[in-house]
Amino acid sequence: MTADTTNAAPDPSAPHEIELLSFRVEDHEYSVDIMSVREIRGWTRTTSLPHSPSYVRGVINLRGTVLPVIDLAMRLGMDPTEPDDRNVIIVIDVDGRTLGLRVDAVSDILTLPTEKLRSPPEIAADENQTFLRALTIIDERMVRVLDLSSIMPDIGEVAA
Amino acid sequence: MSDPMNDIRASFFIECEELLEGLFDALQTMSDGSADDETINVAFRAVHSIKGGAGAFALDQVVSFAHHFETAMDDVRSGKLAPSDDLVQLFFRCGDILSDLVRAARDETTVDAALVDPVLEELGKYSTSPDSGEAEEEISDFQPLTLDLGDLGAPADGADDDFDALLASLPPLPSDDEPQEPVARTVVFRPEPELYKSGNEPLFLLRSLGELRPSAVRLDFDPDSAPGARMTWTVEFDDPVKCEMVEEVFEFVQGLCTLSFGSDASPRESVPAEEAAGTFAPADLPMDKIPEPASPTSDVAPPLATIDPAATDEDGPAEATTAMPGGAPKGGAAPKNMASPTVRVDLSRVDRLVNLVGELVINQAMLSQSVAQSSLGSNTAITSGLEEFLQLTRDIQESVMMIRAQPVKSLFQRMSRIVREASAAVGKKVVLTTDGENTEIDKTVIERLADPLTHMIRNAVDHGLEKTEDRQAAGKPAEGQVRLSASHKSGRVVIEVSDDGGGINRPKVRQIAIDKGLIPEDAALTDGEIDQLLFMPGFSTATTVSNLSGRGVGMDVVKNAITALGGRISITSHAGKGTTFSISLPLTLAVLDGMVVSVAGEALVMPLNAIVETLTLDGESVRRLGPNSNVVLVRESFVPLLDLGVELGYRAPKENYAGAIALLSGQEDGHRAALVVDSIEDQRQVVIKGIQDSYGRVPGVAAATILGDGQIALILDPSDLIQNSSGQSRAPANIEAV
Amino acid sequence: MSISVLAVDDSRTMRDMITLALKDEGFEIHLAEDGQHGLEVLEDIAPDVIITDINMPRLDGFGFIDAIRDRSQTKHTPILVLTTESSAELKARARDSGATGWIVKPFAQDKLIRALRMVAG
């Protein structure tokens, strides 16, 4: 897995703005760089993959291609829930692969200067922080920016 | 935009493959003794064309070898060498080496000289040319002039061959104006009558000379000379002009004119022809000399079997791209001259079309399904329209698939090399006969057949055929026969490898299987079952496989490769008469005939070629073997029972499998299993969708497909499922592994 | 005005090379796969110059040149022979059969163009 700019902490000197797609996973607000997002789809039933990690929901038919879908809640260590029709699948491109993320609902598109992004604190006990690229506060809410590369790789390793 | 030279280079290597194919065909004809004059010409031309193209790309190793090869063939062509059996066999080896060299050049690698040199040396023994240095010298002519435009500084000593070296040095570098080079300030040119007959035109020559910036030109007319030789041009230059540059202009009419140089700066009256003749005398060229007639058969004789229609078809695809990409065709005349109306298409475009048609098939199935589920009656115009739509879709799909199809000929030719090498290695005389070379099959299937087929051919030579003395003792011809054939049979391609050897030594095979613990000592096996033991993993090991066919793989690997292609392999063998391996393959890899089954609410597709039969289990036939394993009695033998729901981690094992439905999978080899499913839904063709690229390998799963309802169904890989099954223990162990 | 060229060679690579060398240089290119095919093409077009290979199936270069010279329409059409041999013998033979000039394969683009302009005007 090659190092990607998404892995690096944001460069505070860069004056750019970043657009984030924010969404809800259970009661938490997460977001991803909108540049990684290909589309957002309504929930459809997945076909289970045998011997896959539990957070791999399965695969769906994305216009003729086979799209693996990750249950983000389970990936982030939350308790499994049964998907319902209000759930959505965010289709993302990361490291040359296309992947679906099951989330509860999409909330907003946020535009903010990159310097408002903060590196996540090093909390060894919190397993979730390994999936975080940055944190930010918007309207007094904490929004977590996901590091998509770290969400991905285990799939390849387990499956290979 | 890609570099056009790269495109031509790529197309050159494709052409080389075709030429090599033609070469081997011709050599085969020679070896069969059915050659005529044109056969050697075809072989010669193939090598010659490879050399010509290779020269353009500076593939020196190819050029040099092709040159030696071609020289020997030219000697056969001209009757200097008799095409003895040994020589033809040597030509085969040369062809093999040339193939290696071409492929190495394509892949930008090299071929070990240790492989090439012995063949060259042997070729040298046939050399009729007393001066081997001459050949080397000629090769220097094939240096890539395209890449070498510098001044080679060739001495302009007037020798004929030097003109080319001289021309290669163009455009001349002004700084290289070395004083010792002959220069002239006056050029006198007097055409001979023959000049006009060769299609040359003095005006054009003078115009070219004009590019050297002469200061004056004078025309003298001599009414007393012969017609056509009455004019003499004298061209003057203020600055001395290099003689070689002038000679270059007149290169083509050398010997058809009088050309002389003067160093005198002052205008001269005229140059007498006699004086001029000292430099360039008209050659003694009798005008009645007619080009040597080509061999009587070569002009209009129908092409030999080696140039069969299929080969012509393959030859065709170049036309569309070579036909006037630049200039507009004049009056639309050209297209109808093109030999065969074909186009060359990028493979990725075809694959995209294949994919799209796959989508169409899925879409059509989805549409049919929703119509069926709707309240429309079954006799409406919609349903009958859909029927036609279905048929059309199938036809389109089939046609599109055939775009990817290629004749198996190239594959078969590779096998004849394997036979040559294998028979030489074990010291047996073997003849390979092929049949159905023009049978077409998907390009990828052909590529992926090469390894298994190679192994089978080696096996046939090494194990199938008896030693020569044993053959003779059995009253058989000393020469063993290996036959390779391809044919279409009910929508599949059947490839057979047979030998006329001793047949499978079943007692020995059985004993080996017992020794290796593959079967119990008292196993009662039919002949067919014994034959199947050859496909068992672990059957072929060093003790049973010689170095030649072994190489660490057994027939189980062959079988896996064939199965991976959606194929089946079977054996028939008759003691004393020989063995036939028969491979049945789908025409394409893009679709698969499958059985749609349901397991724990998931739809799954089992490849039809893996299913022997479907069973409904009764309580009697299922026996519990251990806490986690069951077997089912199928016609007096016990077959492991695998619950697909459990194997795939979808559910816990059932208490009781009585009444369950099972697919008996695998053929009668050691890896049979009864796979329990909940229900059988359908039997249909499905479009294969890769899953590895987007996700990675999934154990027990070969690929995925999209069913009529738009849902993805996994296509199972039964051999992986069966081989890696570990009863019920497996699924839970892996399911949480992260 | 562009010079129209009929190039006859049984090697697709050579036809491609000729096409590549000439297409952007103001030549109109017609192609044929062998002498026989070349004669068929000549039924429909009257090129300013003909380039031909020698070793070809059906009708080889020498026979092709012969036939060209026998036709009244092409009696004087310049013919360049493409050859991998640069021996004087072969050149003489080519010319004896009626060729105007020759190009040694592999050819340099500028040399080919110059030769074509030279013989075709």
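A, B and C label the chains in the order they appear, each numbered from 1.
We adopt the following convention: a residue touches a chain if its C-beta (ideal position, glycine included) is under 8 Å from a C-beta of that chain, and two chains touch if they have at least 3 such contacts.
Predicted, not measured: the structure shown is a model, and the values here were computed from it.
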| item | value |
| --- | --- |
| Chain contact topology (line, ring, star, complete or other) | line |
| Chain of greatest Cα-centre distance to chain C | A |
| Which two chains share the largest set of C-beta contact pairs | B-C |
| Chain A and chain C, separation of their C-alpha mean positions in angstrom | 66 |
| Distance from the mean Cα position of chain B to that of chain A, given in whole angstrom | 47 |
| Euclidean distance of C-alpha centroids - chain B vs chain C, Å | 30 |
| Chain A-touching residues of chain B, taken from the complex the two chains share | 355, 358-359, 362, 602-603, 647-650, 689-691, 694-701, 704, 706, 710-714, 731, 734-738 |
| In the complex with chain B, residue positions of chain A that touch it | 45, 47-55, 58-61, 64-68, 97-98, 154-156, 158-160 |
| Of chain B, residues touching chain C in the complex | 4-5, 7-8, 11-12, 15, 38, 41-42, 44-45, 48-49, 51-53, 55-56, 138, 141-142, 144-146, 149, 160-161, 164, 167-168, 170-171, 196-201, 203-205, 207-208, 249, 251-252, 255-256, 283, 285, 289-294, 298-300, 303, 307, 315, 318-319, 321-331, 333-334, 336-337, 339 |
| Chain B contact footprint on chain C (complex, rising order) | 2, 4, 10-17, 19-20, 22-24, 27-33, 36-37, 40-41, 44-45, 55-60, 62-63, 65-66, 76-79, 84-88, 91-93, 95-102, 104-111, 114-115, 117-121 |
